[in-house]
Every structure is written in C-alpha cells, then in structure tokens.
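Can you read through this structure? Questions will come right after.
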Amino acid sequence: MDPVNTVGLLSPWEPGIFSLVLFGALVVGIITVLHYISAVIGEQKPGIEKSRVYESGIIPTGSARLRYPVPFFLVAIFFLIFDIEGAFIFAWAAAMGDLGWAGWFQISFFIIVLLIGLLYIWRKGGLEWGPKPGK
Amino acid sequence: MTLWISGYILLLVKFGLVLGCLLFLAAYLVWAERKLLARLQIRYGPNRAGKFGLLQPIADAVKMITKEDIIPAEADQSIFLLAPTVVAATALLMFAVVPFGESLAIMGQRIPLVITDLNVGLLFIFALSSLGVYGVALGGWASNSKYSLLGGIRGAAQMISYELALGLSLVPVVMLAGSFSLVDIVNAQSGYPYILVQPVSFAVFFISAMAESKRIPFDLPEAENELGAGYHTEYSGMRFGLFFIGEYVHIQVLGALTAVFFLGGWHGPFLPPFVWLLVKMIFIALVMIWIRGTLPRLRYDQLMALGWKVLVPVSLVNIIVTGAVILMVG
Amino acid sequence: MTIHSIIFYLLSSVVIVSTGIAVTRRDLVHAVVYLIFTFFGTAMIFYLLGAPLLAALEVIIYAGAIMVLFLFIIMMIRTEPSTAPLIPPGQWWPVIGFCLLYITAGFLFMYQEPDFWVFLTPAMATPGAFGRFLFQTHWLSIEIISLLLLIAVIGALVLGKPAGKKPNKTNGNRI
C-alpha cells in the first residue's frame, strides 16, 4: 500500500482525478446547454397527433409496455457470470509478471472451468436463437 | 498563485480544444460518411450546402436545434430525457483517458497531453461503455413505443454480449504493457505496435467495437426496415441530435482506442504526436464507414452466435496462450 | 475536516439519499436508475479510499451487469404499476422502530470501540498490488469461485429454459 499523494490534488498541472471531475462537469454542462437551447429556440406547437407514438402511421394498438422474452434474461445472466470472471482475469493480468507460472496455472484452471461452462450452455442450446436451419 | 490561475485557464483551454475537436469531427464524420456511402452506392451525396456540401453539418446542426422536441404522450418524461444524455456523456467522457501526445512545456510547467491518467484507465472505458447500455435500454423503454422497445431490448442484449468480448480481448494488451493506464500502454508501444504481436486480439477488439457502436453489419437495434429507427424512433430535435453526437463521438473514441491499444497511439515518425493519433483515428473511422457500405446486416441469431460462440472463446484461449508465451520468452 | 472527509461525507449522503429514493419508488425502472446512482457513488467512495480497481469493478459489475439484469427481470415480469402506498400506514411503526434500533446499536458499537477516533491514513492499492495479493494469498478461493460460477451458469440455464418446451417455439425468439 503506497501512501496517497494529496499534495497535487487540486493542481491544474497533474492529469489526476481533479482533471477528470472538471472534464465530466464540462461534458454534463455542454449537454445541459444543448437541451436548454433547443427547448428555448425550438418550435413549440404541441398536438395530439404529434405526441402519438409512431406505429407506421396507424393509431397505436395498446401500450408498449411489453414483457421482455426470457432468452434476453438468459443473456443478461450469462453476461453477469462471465463479467465476474473477467474481473478476476483483469486482476491477474495487472500482476501477471510477478505471479509467474504459478499464477498462470491458477488462471488457466479458472479460465478452463469457465470455458467448460460456456461449452455446456452451448451444447444445451442456451446460446441458440430462433429456429435451427434444416428443421 | 498566478501560476495556478494560469494553470486552470490552460486546463480549461485544453478541455475546450478536446471537446471542440470531438464535436467538430463528429459533425464532419457524418458528412464524410454520407459522401463516402454515396460514392460507394454510385450517387453524389450532400452537395447543395456549400462547396462539396461542406456546410451540410452546420445546416444539420441548425435544423436539430430549431426543431420541436416532442415527448410522446405516454412516455416516461424524466427517463426519456435522461437516455440521450447518458449516450452522449458516456461517449464524450471515454475520451478522457486517451493520451494524445507526451507533454508540452509552457511557462516552465509540463502540460500532460491527456485529460486524466488513471491507473485503471482501461477499466474506466469498460465501465463507461457498460453504462452506455442504459442509454439504449432506457431510451427504448421510456418512449412507450413498440419499435423503440424492441430496438432497446435488442440493443441492450447486443451491447452486453459484445462488451464481454471487448473486455476480454484487451487482457493480452494489459499483460504486455503491465498496466491499465493508457499512457503506459502507449509508452510500451514505442518500439512496435501491439497489432504485430496480437493480431487475434486486434480482430476481436475491432469486431466488438463495431458491434458496440451499433453500426452495419451490427445495426439490429436500429434496423430501419424493421423497426423504424429502433430505440430512438420517438426522439426528435436536439435529443435525437444527442443520440447522433453520441454515436459519432463513440466511433471516434473507438478509433482512438484502437490506435492506443494496437496501433501505437500517438507514436509515429515525422509528424507531431496528436496528428498521428488523429490520422489513425480517422483511418479507423473511415474503415468502419467502408464496412458499413459493403456488408449486409446480420441476423440476430448470427449476431449472438458470433459474440458468444466465436469471440468470447477465442479471446479466452488467446489470454492463456499469450500468458504462456510471455512467461516463456521472459 | 480535510478535503478527503468532506468529499467522503458528500458521497455518502448521495449514496444514502439515492438508495432511500430507490427503495420508495413504485415504478421499478425508476428504482433501478436511482440504484445505479447508488453504485456510482459507492464506486467513488472506493476510489477515494484508495482502491481504484475495486471502484472500476464496482461500476462494471454492479452498475453495469447486475443492474442490467435487474432491468431485464423487471421488464420480463412487468405489471401495471400499483397506485397503493408502498408501506401501508399500519406498517410504519415497525419500520421506524427497527430504524431507531439499528441507529442506536450502530452508535453504541462505534463509541464502545476504543479505536473509533483513529484517522485513516490515506493509502493506495494499485491494481498490480491488488492482483498480487489476491492471487498469492487467496488463489484457492478463486478456483472455488470458478466452480461456483460454473454451477451458476448451469443453474441459470436450467431456470431459463422452459421444461418440456422447444426453446425455438417461444415467441421471444422472434424479437
């Protein structure tokens, strides 16, 4: 654990977190200004037809609060699991040189177990979308 | 004290230049895309506003600002406003960690040519692109339109799938450079660019980057002939403009990131560093436009199969192999 | 008050307020948006306390993956938002009672601890140091986590696939 250098925290010469916060504020400011000027300059002529959602020109058929299909939920949960895996791989990659072969064997086992998981959902059709060709 | 005040002024000038460049280039990238696509399709493209249509971006901007911002009757107002903001802000913020030169010496002080040099810079980008998913998912949901919702669902699922491949493809770069900091990654490439040693990573990264930016052949979330305009069907005026800014800034950022991770960043002979970064950035952006003009759109099952069955396993195996090679070589 | 502690209290209040708003929303999508702010604030606190890698992973995993999953689940089971009050009037008393109990217990624990008023020395765990620590001391746990994740993948697949029904016949695949 290295001690944090707080001397240059607010210094404009350091490419540190202060610089990032200022940049973030500037970006948010520009976007707010764009929202604002378009609200001021833009036309304001509301109408019933205008505020109706687009459904290829016909009157909308009911609410669009449809329910998401289950396969998308599966994609999200697989993404979450492999994202956690990615977190460990990134932690290893940062220290890879010092960990040497021992670290390599550890992460290889880790990755291979997850590859088995990927292969399993692949074989079981968890990654299939739509009808299979030839059926 | 005066040194600090002038420092803050210089800092703001630097930010202004960066943001100005990004937005200006975004506007002219639209022009370049329309011109190039037109040429690929044997037509002229915009040629009325100014010579070669060069004033077209200005005309577009004026139009966007003066158009009426319509909020659909049953839309969720606050989230409807939030979504384009998220898309544009994440794209612009991603550029914060990209180094565009070594450093300038002004008034005896060293001015770093990067906005912020985080020691987790690469993960910062990864985090922002995972937040960008909300712009698409929430924008599609908040409009309360079926086309938007379908586009939003497709977009969110596509973006998270390819984000995985995007992140994993960058692990070998971190291993080679030994750091998450983009400044260190560029400095580590002073000898040779990483595309020479990591062509597989480069391919996976480039494909996932294109899928992240939701462009042909990966533009299912906004497939015109099925969904109107997908998740931004209901947006008009400047809010649509913000989605547009987000998309084109995102393309530039992805170009810059490709340059930083694989093409040596600002390293290059003869020309000044930031010109090299600009050249590489624009080159990648033009390649993306060229691909858009060449390839057809994928089917959704092909899209998911490419992400999950090809790119993710390939990048995982690539990590193991690269690790072994690095340890063997020394 | 150093600048660190000012920022810390600012961020903590953002976290607490946005969590409070999140748990009292009737519209679940709004709740998710506020919860994202919560995780964002937590990540910034991690960064402030000198753990940049954890800060980044907090945003990537919690705000970026888990909340996307929440959003998908909410939209998968979505029903019309109810207009009834979130907490029926009769249930306010236990809510207030437990809140007071937790707050007093928290303060009691804090003041009984003799080291309570020790100032934390600001420290920085670089990503490299974090990775070394993780893989040198906890490598066995990591391998066990990989097996757990394998089980999670299989479990998710079993839950997500409708039993006895061809997956390609569900209407979701047409989207």
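Letters A, B and C mark the chains as written, and numbering starts fresh at 1 in each.
By definition in this document, a residue touches a chain if its C-beta (ideal position, glycine included) is under 8 Å from a C-beta of that chain, and two chains touch if they have at least 3 such contacts.
Because the structure is predicted, anything quoted here is derived from the model rather than measured.
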- Any idea which chain sits dead centre by C-alpha averages? A
- Message: Looking only at C-beta pairs that count as contacts, which pair of chains has more of them, B-C or A-B?
- Response: A-B
- Mean-CA-position distance for chain C and chain A (Å): 16
- Per the centroid of Cα atoms for each chain, what is the distance between chain B and chain C, given in Å? 28
- Message: Using mean CA coordinates as chain centres, what's the gap between chain A and chain B in Å?
- Response: 13
- Query: Residues of chain B that touch two or more other chains: which are they?
  - Reply: 118, 123, 153, 156, 160, 163, 178-180, 300
- Note on the structure: The positions of chain C in contact with two or more other chains are 53, 57, 60, 64-65, 68, 72, 75, 126-128, 175
- Set of chain A residues in contact with two or more other chains: 17, 65, 68, 72, 76, 78-79, 83, 86, 90, 93-94, 96, 107, 114, 118, 128-130
- Can you check the complex and tell me which residues of chain A touch chain B? 11-17, 19-20, 22-24, 26-28, 30-31, 34-35, 37-39, 41-46, 48, 50-56, 60, 63-66, 68, 72, 75-76, 78-79, 82-83, 86, 89-90, 93-94, 96-97, 100-101, 104, 107-108, 111-112, 114-115, 118, 122, 127-130
- Note on the structure: chain B partner, complex, touching residues on chain C are 27, 29-30, 33, 36, 43, 52-53, 55-57, 59-60, 63-65, 67-68, 71-72, 75, 126-128, 175
- Note on the structure: Per the touch rule, the chain C residues reaching chain A in their complex are 3-4, 47, 50, 53, 57, 60-61, 64-66, 68-69, 72-73, 75-78, 80, 121-132, 134-136, 139, 142-143, 145-147, 149-150, 152-154, 156-157, 160-162, 167-168, 170-175
- Query: Considering the complex alone, what residue numbers of chain B touch chain A?
  - Reply: 4, 7-8, 10-12, 15, 19, 64-74, 81, 85, 88-89, 92-93, 96, 109-112, 114-118, 123, 143-149, 153, 156-157, 160-161, 163-164, 167-168, 171, 174-175, 178-180, 183, 228, 233-234, 237-239, 241-242, 299-301, 304-305, 308-309, 312-313, 316-317, 319-320, 323-324, 326-327
- Within their complex, chain A touches chain C through residues 1-4, 6, 9-10, 17, 65, 67-74, 76-81, 83-88, 90-96, 98-99, 102-103, 106-107, 109-110, 113-114, 116-118, 120-121, 124-126, 128-132, 135
